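As written, the chains take the letters A, B, C and D, and residue 1 is the first residue of each chain.
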Amino acid sequence: MEETPPIITTHALTRDFKKTRAVDSLDLAIQPGELFGLVGPDGAGKTTTLRLLAGLLDITSGSATVAGYDLAQQAEAIKSKIGYMAQQFSLYGELSVVENLSFFSDLYDVPRAELRERTERLLTFANLTEFKDRWAAHLSGGMQKKLALACTLIHEPEILLLDEPTTGVDPVSRREFWDILTELYLGGTTIVVSTPYMDEADRCSKVGLMYAGRMVVCAEPQQIRAQIEGDLIELQPDDWQTAHALIETLPGVLEVQTYGDLLHVFVDSADKRLPEIEAALKKQSIVHRGARRATARMEEAFISLIKRMEEE
Amino acid sequence: MLKWTSCVRRIWSLSIKEFIHLINDWWMPAFMLFGGVIELLLVGWATSRPITNLPLMVLDRDQSAASRTVVTALENTGTFALKALAPDMETIQDALERGQINAAVIIPPDFDNEVASPIGRPTLAILLNGAESIPATAALRAIEGVASDMGEGVILERLGLEPDDFAGFAPSLRVWFNEALSEALYTTPAELGLMLEFTTLLFAALSFSRERELGTLEQLLVMPFSSMEIIVGKSIPVILVGFFDFVLMLSMVHVAFGVPVRGSLPLLLILALGYLLVELGKGMVISVMSRTQHQAFLVVMMVGMMDFMFTGYAAPVESMPQIVQQVANVIPAYHWLTILRGVLLKGVGLEVLWPNVLALAILGLVIGTFSLRYVRRALN
Amino acid sequence: MESNDYAIIARGLTKRFGDFTAVDGIDFAVRRGEIFGFLGPNGSGKTTTIRMMLGLLRPTDGSVQVLGVPVAERAKQIRPRVGYMSQRFSLYNDLTVLQNLRFYGQAYGLNNNLLRERIQHALQMAGLEGRGHTRTKDLSGGWRQRLALSAAILHRPELVFLDEPTAGVDPVSRRAFWDLLYKLVAQEITVFVTTHYMDEAEHCHRLAFIQRGKLIAHGSPEEIKRDTMRGQVLEIAPTETAKAVKVLRAARESGRLPLEEVAMYGALVHVVAPQMEQHQAAIAAELRQADVEPGRMAIIEPSLEDVFIACMR
Amino acid sequence: MSLRHLWAIIRKEIHHIMRDRATFILVLLTPIAMLFLMAYALTVDIEHVPIAILDFDRSTTSRAFVQRITEGKDLDLYALVDTLEKVEALLLRGEIKAALVIAPTFEQDLVALRGMSLQIVIDGTEPESGGFAVEHIGGRAEEFLSEALASYIQTLDVSLDSLQPIDLRVRTLYNPSLKPRVDLIPGLISMVLGFPALSVALTLAHEREHGTLEQVMATPVGRAELLLGKMIPYVIVGLINVIVIPAVARLTFRIPFNGSFPLFFLLSAVFLFALLSMGMILGVFIRTQPAALALSFLVIFFPGFFLTGIFFPIASMPEIMRLESLGLPGTHYAIITRGLFLTGVGLDVLWPYSVMLMGLGIAFTMVGALFFKKKLG
């Protein structure tokens, strides 16, 4: 495949706060048109990274270019090329949906001739047409997020930087939101999005896993999922604590993850181990339901990777 | 018993939290503590300084010994900085119009003769720039002083009186409680009283409006605080800082401007504490009424100004219309200033101040009850 | 209904703001010692309901009993016995982690020894050991969320209300958090939780779905799946997920396939249709026609997310 | 500088101001109410000052003198007392502000031209009314003396129209009554316009506290555009006050306005620009609203009160403060307002101050823009 020059690159990008190093010599290369998912445990430095890329924080050391501009020298020039969406709701609550849109379109110098058409398109896009005169503060959480996205899209930026855009958003709105992102992605916009939802990470073209300020894995979702060894078995025992302890000792079991009262068991071979596990549970008279072979999702892969990091 | 201790503990936890806020965002408490002190220093400094250096022009058309005496006497007052002798009226007119001088003295051509003649009526023409009434008034007083000194000499001469026999026609003056008639001595206590009011009110007014604006009030309300505990817990820092502020300001005016404490200091401190509680009640009401800190602040400014008007600091309440005088009676700051002056300068105690103390107590009771009710209702 | 067995009983609970009805006559009951999930889209009235249960808002109509106490009259009595984690503002940002926890603990009357122990435990649970002196505003969103949760249960309430406690929290911590909820429940603590993570909702003992202020489903996850799901779910692992979704949606629009729902599910596609067995082949054919290899296809038990979306549409 | 960016910020800010009705009304009303109250409180005509008289002489002359003292409405005879102790008690209780003690030799001394054997005792804690009493009793005494002695003096063949032989012909320009209110009100305008300046600082702190600044910082909007855009709406709010204030001053306090109103309006706009830039600098450095409030007093209100020459003549200040007062917009604006309200001069006289205001405004905005970083943390 022919290499196009990356649209975002960082070299040993570092940012310190008073006592902590939030981003630690981060090397990153994002190709144009990529839908890049930034994942990682809480406090791994995702928000700081996005803020750095948006030119909102000074760099402690290292360098970065965004859309061809140097981040340390030309932070202002970058701003018209990107759309940035902060984690917290940061639109003006007392302004209506349309007023917020027109405010940002002015700040981004959207050509007046296109303004009307773009506003209408974004409102339709975000399903906000019928609420266009409502105060932003009076929208539901999901609608606020969609409005925020619309505001960052108004100038049709080359790059979108989205910081946990779907946190606190209900599943229906979340899907709608991702449908919008997918369309943008298919339209060629480069998107960098941080998320705590692993199913969202699965929809990205590339996923970067941050840990303690560093990028530890950066690959396509399938590749990350493929890093998990073995097969996955899912089951729901009545007494999950005892079951967990029991299953961990069984042969062929690589890892046991709990999720509430649900157990995810990684085994070398599902066909072989599933009956063994069921038998073992039965022997201890632990009742269980829904034991089945499951497809390992991004979430399980993530947990597995993080556990490995923590052990190191 | 157990109930009591846990109640105290809850209040304690809230007060500690408030103090941490204060330390973290230290501008406000720093302002409360030192803003008052700075204001007092400025007031004390500004009022204890005589007005000097006022630009003055003299047009001497007489050019005589007498006229030169006048000019020298004017210079010797220290009030004026004599600008060059003016060549003509136009120069003076122009300077006045430009606001470059506060006053001008024109000595007519026959001044010397009029002074010398037994039936003479020497005249001095004075032009004042009324656009700046304070320096203009000071200038007029100084010129009047020069004229009356000169006039006295003229009278003695014309009536053939011996200076030793003459007691002067001006009555003698005795000032009580403030023998030197130091302005700092009466402005600083008043200013002190008002600063205490203002800072307490502002601080209290921000207590709820800030949490409401930031959204943390909801969490506070679902915790097992009774509304009484919330009010008390939030009040303690206000009272402590306010009280400390008062002691600090009092020491400052005592040391820097020699404001005496002639009455009982413990009594004053106790009454100051009581007064703080009254203002606190007002502040809390403003606080729960306001949705934002901005609103709370503006309301505090209005209320503070209203009180300022009724304290008798800027103008004697006796001179105000009857109805305004009635209103003054229900303004806590009015009674507080009377108490403050009484204890500090007059050295009186409860035997004299009891009507004010009583009024303050009644007002405190009314305001306190109302604010408790109101704040509680607003919190519930 | 024996009120002792129930932590919350809501009857005809209604809240109107002006002419807008935020909560519209909902009835439900939460048993003691269960995790009760309260699910619904943004703006459906979840937070309003919680506020009424806490006595922060007075119901326009109807009543609610919490821990056997009628809230409208005696909200004060229940406050020491419940914990509440609000959506965003339960912590003071300028306070440090420890100061926040201490404030909570003292407010709920924990004595010093117990407080020290609980704080220790809370720090551990939130993964904030050694960061006790960090100002809360300097914590990342997920960490703040964890801290808020630890604070809300510091006093071991009988009932805890959690309004989107895991929003923005990473998967590892979310699991740790749910482990903890199970431990709480084992100690007879009742949990009332709202969440947008449907996989979390699967782990609730019972659920209520609320939409536009009305209760539309109520029961255990299994019951809800059984009663409300029309059709079956086919899970497909196609080579090109996005394209597959596009193709199938086009097929739905044109009426070629009787699909109720086509949704991307990570790298998988979930398709919902009644009598799925009959359509499976047609779906595969549709995909192949568009040069998408359908990959592994299986009819699966619907996830709550499938159910939720079906319900809300 | 893009006008479009500027206008976007301005429009947004105006929406904010207008939509929060309570605050909007307060923002508009506070300066006017403050001005009104301050002006009233500072300039109440002193009258009805309660005094006590202790007449040791009890002669016809002294009784006539007492009559004369209390005939006006400036001094009210609270009590005629017979001992000094009673005077003291009344002063202590604050029931009288001053007392007049007439010596036993009053009549004798007067006839013998030895002078006036009088003592005025005043309450030094309230010299406002005390000083007033001294002045008025002194004036009456002089009048009384002149009249009493007029016939006697005529026999001496000297002319003495009064006991003040030097005739002071005082002409007070621009404010004939020399009432402080007439010039304090124009001066105080600069003080009360500190409120819009504070509002600017508060809104910036508010946007920081609520995170909306983060989103705006991520846009290509320029620093100066952002700062000016936040300022201009408050300049407009201030200008509304500027229109209302002369009207209020004229109607309630009968303050004349002798200059050109358009010029006043224009220069007020320049002043607001300068003052609000000061507020903006506060907002740039400060993170929270309470801090902005506290600092505004130290930077805007206290200096505005003490150093701008409204109450304390700048000429009398030490060198360093005189220099500092030059850096305060209020100093120049106070001169301008007095010139326009009272002196009735025009730009020919006021241009240096106008230039200074403009210069300060530009300098402050530049400082604000220089230190305002479009960065978090």
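Keep in mind that, in the parts below, a contact is a pair of C-beta atoms (placed from the backbone, for glycine too) under 8 Å apart; a residue touches a chain by one contact, two chains touch by 3 or more.
Just so it is clear, the structure is predicted and the values come from calculations on it, not from any experiment.
K.L.:
Note down the smallest number of touching-chain steps it takes to go from chain A to chain C.
P.N.:
1
K.L.:
Which other chains touch chain C while also touching chain D?
P.N.:
Looking at chain D and chain C together, the chains touching each of them are A, B.
K.L.:
With contacts counted as defined, which of the two, B-D or B-C, has more C-beta pairs across the interface?
P.N.:
B-D
K.L.:
Take the average of all CA coordinates in chain B, do the same for chain D, and state the distance between these two points in whole angstrom.
P.N.:
A distance of 12 Å separates the two centres.
K.L.:
Please compute the C-alpha centroid of chain A, do the same for chain D, then give the distance between them in whole Å.
P.N.:
That pair's centroid distance is 61 Å.
K.L.:
Residues touching two or more other chains, restricted to chain B: which are they?
P.N.:
25, 214
K.L.:
For chain D, write out the residues touching at least two other chains, lowest number first.
P.N.:
In chain D, the residues touching two or more other chains are 20.
K.L.:
So which stretches of chain C touch two or more other chains?
P.N.:
There are none in chain C.
K.L.:
What topology does the chain contact graph adopt: line, ring, star, complete, or other?
P.N.:
Chain contacts: single closed ring, each chain with exactly two partners.
K.L.:
Provide the full list of chain pairs in touch.
P.N.:
Inter-chain contacts occur between A-C, A-D, B-C, B-D.
K.L.:
What does chain A use to touch chain C in their complex?
P.N.:
The touching residues are 17-18, 39-44, 46-47, 87, 139-143, 164, 167-175, 178, 182, 185-186, 196-199, 202-203, 221-222, 225, 240, 257-262, 290, 295, 297-299, 302-303, 306-307.
K.L.:
If we count contacts the way the header does, which residues on chain C are in touch with chain A in the complex?
P.N.:
Counting only chain C, the residues touching chain A are 40-44, 87, 127, 138-143, 145-146, 164, 167-175, 178-179, 181-182, 196-200, 202-203, 235, 237, 241-242, 263-268, 296, 301, 305, 308-309, 312-313.
K.L.:
Spell out the part of chain A that touches chain D in their complex, as residue ranges.
P.N.:
It is residues 17, 51, 54-58, 75-76, 79-80, 82, 84-86, 88-92, 94-95, 99, 102-104, 106-109, 148, 151 of chain A that touch chain D.
K.L.:
What residues on chain B touch chain C, complex-wise?
P.N.:
Against chain C, the touching part of chain B is residues 6, 9-10, 12-14, 16-17, 20-21, 24-25, 214-216, 218-219, 221-226.
K.L.:
Under the stated contact criterion, what part of chain B meets chain D in this complex?
P.N.:
Those in contact with chain D are residues 25, 27-28, 30-32, 35, 38-39, 42-43, 46, 49-55, 81, 96-99, 102, 118-138, 140, 143-144, 147-148, 150-151, 154-155, 158-159, 161, 165-179, 181, 183, 185-186, 189, 202, 206, 210, 213-214, 291-295, 297-299, 301-302, 305-306, 308-309, 312-316, 318-320, 338, 341-342, 345-346, 348, 352.
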